[in-house]
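Below you'll find a set of structures to go through.
One chain, chain A, links the two complexes that follow: it is found with chain B in the first and with chain C in the second.
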Partner chain A sequence: MTKQKSSARFRFSGVMLFLALFFFLVPALQAGDYRLYMLAAGVPCAMLLCCTILARAFSLDRLILALSLFFCSVGIASLAMTAPDTALVQAVSCGIGIIVLIVGAILIRSLSGSLLTAISAAFLGLLLLAAKLIAPTFTLPATQPALTLLLIAFAVLLSREGPISAAGLGIAAAVLLMLRGETADALIWGLTILLLLFAADGRLLVVLPSLAAFALLFYGMYSMQTQTLVYPEALSADTLKAVGVLGADLLPEGLAVPETGSLFSRLLGHYGLVFTGLTVLLYLPLILRGTTVASCARMRFHAILAMGICLLLGLSTLASVLSFFGFLPFTGLEMPLLTTSLPSLCAHLFLAGILCGISGRNDSDLAEDAHLAMLAK
Partner chain B sequence: MFSVSPEIYSVLSQASRWIFIFLALMLLFLAFSWHHTDRKERRDRFKNLPGAGTVGELVVLSGSDELPVDTWFPVPREGVLGSLRSCDLVIPCPGVSSHHLDFSWQDGTGLLIRPRVGCEVLIDGVPVTRRGMDMPLVHGSVLQIGSAVLRLQLFAALSHTNRTFIPLQPAVGSFSDPMPQPVPIPVQYPQEPVNAQPVFCPPPYQESVPLQIPVEPPMPVQPVPQPPAPEQLPVQEGSPLAPAAPRRKRADRWKEDWSE
Partner chain C sequence: MKQMRSRFRLLTLLIVCAFLLTIVLCTGHVLKTTGISLSSLSSISLPVPGQSASPDPSALPDPSPAPESTPDPWAGFSVENTPPGTDNPPEEEYNVVGL
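Here is the complex of A and B:
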């Protein structure tokens, strides 16, 4: 490890831990709430443990892990000021999510891109999506876990069986998402797999029919659901003025009420426009790192999967921000890793874990090559 | 628990918000810096390991105007071979489809070849089907696709690790004379795996049996000067092996291959 590399890493980790500490310590000083003191002690310690011991033990990519942990801590901090109990629950959810992240990192190293993997992941993913249609009483928010499984199946099929079967699976998933009324997720999923098809195959013979099929599908469903698609109420100038650059302890009028509001709106209300904007910008290094991991991967399955994860996370972030400010006719979209839903949080952390695992595999491959070169000397 | 007065807290709260913004800005800068540093370090490592990620090279024995004889391609562990520029191995020859075949390296077996639907491939003169996993490319195997004839040369170091390389017996009625089996002799490994000659080179390609499936008759093969097989090398104490034929630099070849 070079001095320069360790310097950047240690500075980043130090700043992140410092930030995580003061996220909870400042509100704790106001109320003297023991729960906030617990969070102020526990969250930085957990982050330190993950960034050092776990990252080394499981050969995880430290930047992706650190950024994922930072987003988790921001999510907890946005709840801490007004809902300490919910913040504690969110902290526990993040702990579960970190375990899922490690499972994802281990799993992807041992998972071969076999047909059995594709079939089982596709079956589970489609079943989760169809469950709500089959049994309307099924209310578990399973969209993100299903998309995760379907992305794995899609990557296996695209790398192993070719684009036709992969496009078929993608269109089937998009149809199910549209039938569930989750147009935004269907749109993000459709764009992701179209871009992956174009990147992996590049033949117009494959891409154009897929594009036409998706266009027809979306046009049909859009014309059917025009009544239900409503542009969210754009944030008024008064609300933005109340939020201001720095935010406030109490959420201003116009933002969602604390108990039901999304983490993004809480973050905006409590910490202001500038900090929220910088937090959103921190998704960029995460996605950039993911694309680097994808470009360095040795296996086509890993490369397609890593690129798919980057696309899925990037497009979800963009769609959430645009819909929050009223530029897209969707409501209820949440930022990746900034969500109170445990299945969604686990799914996003599982995706981050897959990126970490592929990165670790790339590093071990490179180390093996270096060993071979050393043998050759 | 300990708490502060509202006046102190209001000052602290305002100050902390500015500090949060400053720290977030630092985090953003440091994240990009960290990413950039890692990329730079990885690039440097790749410079020192030019063969990283590849298992050997395919040498053109017979090609076309766009693919002259003796051109060679580094072979990645997985990929697609075809005539399109987006393929991992680009073979611009008559009879080669845009996406002709998929290949993947399997430890202990060799380079598995899976032709796409409607594409024909010969390995050592034997046609390979889509399910033809039983006949992988091994060191010295000759691959014929369309009018192109290519020979695979694996890196000798692959036989030294857990990627144990077990070459298969040549098929009956093979395309050329039976290839000499790679002998796992302790060899002087090249300084840089990619740029060096493989240690056990098969004899030059000989067109002893007429090809069966070519779309166009193959170009007459120009035998590439090769050092003799290891067992034929005159062993002299203190003298180096026979010098290999002069080869163009890899960068020059890639410049030509990707000039378009």
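Here is the complex of A and C:
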């Protein structure tokens, strides 16, 4: 069984590396740009290094790690064709993100679900959200890092203190997000904590009042913000035909490409509908692996945190895709791991690192159980 | 903890269904926007074994009809004869825009 596992992982890593090489080598040969050659050499090497040496050294989950690195490389590749300088900057950002991923994996092993952790994380998270309201000149995109900290605090409170304090923290965060005008993030956060409350507690006495509170909150804010909620302009038939199945070297007209933020538009324009659809589908194994890690966790805190990460990443992905095609009245939503914003990228990779750390902890618990069983014989 | 794990499985199922639904919705939206229908995709005919791949030309109806055999729907209409305000095509029920 160990040989089969390692050969399957080897094949999977090989496929990911081949794809990463293909993304950068072909444009490098076409354009002859030295920056693209640097990316063609650097990105697959970094992936190989992380998936082999670092994964073994820090006991990281290889599937989660490989998928996270693949999304990072796809983000760099979507910039490489038309903006090689930005692609280099994105590669450096991903390098910083990998360090944050390792920090997250190490931290979760030593982090206990104590009240001090909850209070510190909650305080920092709420402060980051309230910073823009207190000081309007604070323009750093701190939403994703704040949600990361708040999720950790929520998981500790839910596992240790009970649902009431956790729900209170969740509602406070949702209010702050709405006051900042980030309705989409507030909706995703609200759904995440409602589903976590249902999963961890399950009592109707807890879930129904929380649902009612969130419904009232969202209804109140929706009625105040109806004018600002505008459905994004849907992609026209000409744009979709120009994008085609395999994409184009130059981005077609009608495809709104922001200078910063989500790379989804660039990915669609350069690599076409089929590849983009397959990339979105690759989020599913990442989330399924996360839910498996959550189900196998021994500590309640780790289980709730892992499940919360999966819900947050999954709902963000779905909201981003649906809003891009005009099904939701939100604009500028970012896909997890496919963003040029350094704080958001680091926050998502930190969450992936936490998942890797919990998976490593599960494996070490299993190994300890096997050792104890052997000693008992 | 056991109950929590069973609820986790339920949430996993919900996420998977949501993903698949999203993919179906977006695929349908793309097909609808580009004007590609599923019936046009399924109308590709494959050659049946035992029959020739190309049909017998003599069996096919003549694609170019005789000029006098087909009634011209526009026969009664001309720029001079059309009264003002009635220059609509005969199949008004398909004229969605109403011009």
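Rule of thumb we're sticking to: the second predicted complex is superposed on the first by the 370 of 377 C-alpha atoms of A that agree within 3 Å, B and C clash if a C-alpha of one lies under 4 Å from a C-alpha of the other, contacts with A are read in each partner's own complex, and residues count from 1 in each chain.
Heads up, the rule we're going with is that a contact is a pair of C-beta atoms (placed from the backbone, for glycine too) under 8 Å apart; a residue touches a chain by one contact, two chains touch by 3 or more.
The structure displayed is predicted, hence computed values, not measured ones.
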item: First, second, both or neither for A:67, with chain B first and chain C second; value: first
item: Chain B versus chain C as contact partner of A:30, first or second or both or neither; value: first
item: Contacts of A:217 with chain B and chain C, given as first, second, both or neither; value: neither
item: Per-residue touch tally on chain A - higher for chain B or for chain C; value: B
item: Touching partner for A:369 - first (chain B), second (chain C), both, neither; value: first
item: Contacts of A:318 with chain B and chain C, given as first, second, both or neither; value: second
item: First (chain B), second (chain C), both or neither touched by A:38; value: neither
item: Partner chain in contact with A:285 - chain B first, chain C second, else both or neither; value: first
item: Chain B versus chain C as contact partner of A:300, first or second or both or neither; value: both
item: Partner chain(s) touched by A:130 [first = chain B, second = chain C, both, neither]; value: neither
item: Shared chain A contacts, counted only where both chain B and chain C touch the same residue; value: 202, 281, 284, 288, 300
item: Chain C contact footprint on chain A (complex, rising order); value: 195, 198-200, 202, 234-237, 240-241, 273, 277, 280-281, 283-284, 287-288, 291, 294-295, 300, 303, 307, 310-311, 314, 318, 321-322, 325-327
item: Residue ranges of chain C touching chain A (in the complex, touch as defined); value: 1, 3-5, 7-12, 14-16, 18-19, 22-23, 25-27, 29-30, 33-35
item: Complex contacts: residues of chain B adjacent to chain A; value: 1-4, 6, 9, 12-14, 16-21, 23-28, 30-35, 37-39, 41-42, 45, 48-49, 51-53, 76-79, 84, 86, 98-99, 116, 155, 157-158, 160-161, 189-193, 196
item: Contact footprint of chain B on chain A as seen in their complex; value: 2, 4-5, 8-9, 11-12, 15-16, 18-19, 22-23, 26, 28-34, 37, 63, 67, 70, 159, 162, 201-203, 246-247, 249, 271-272, 274-275, 278-279, 281-282, 284-285, 288-289, 292, 296, 298-300, 365-366, 368-373, 375-377
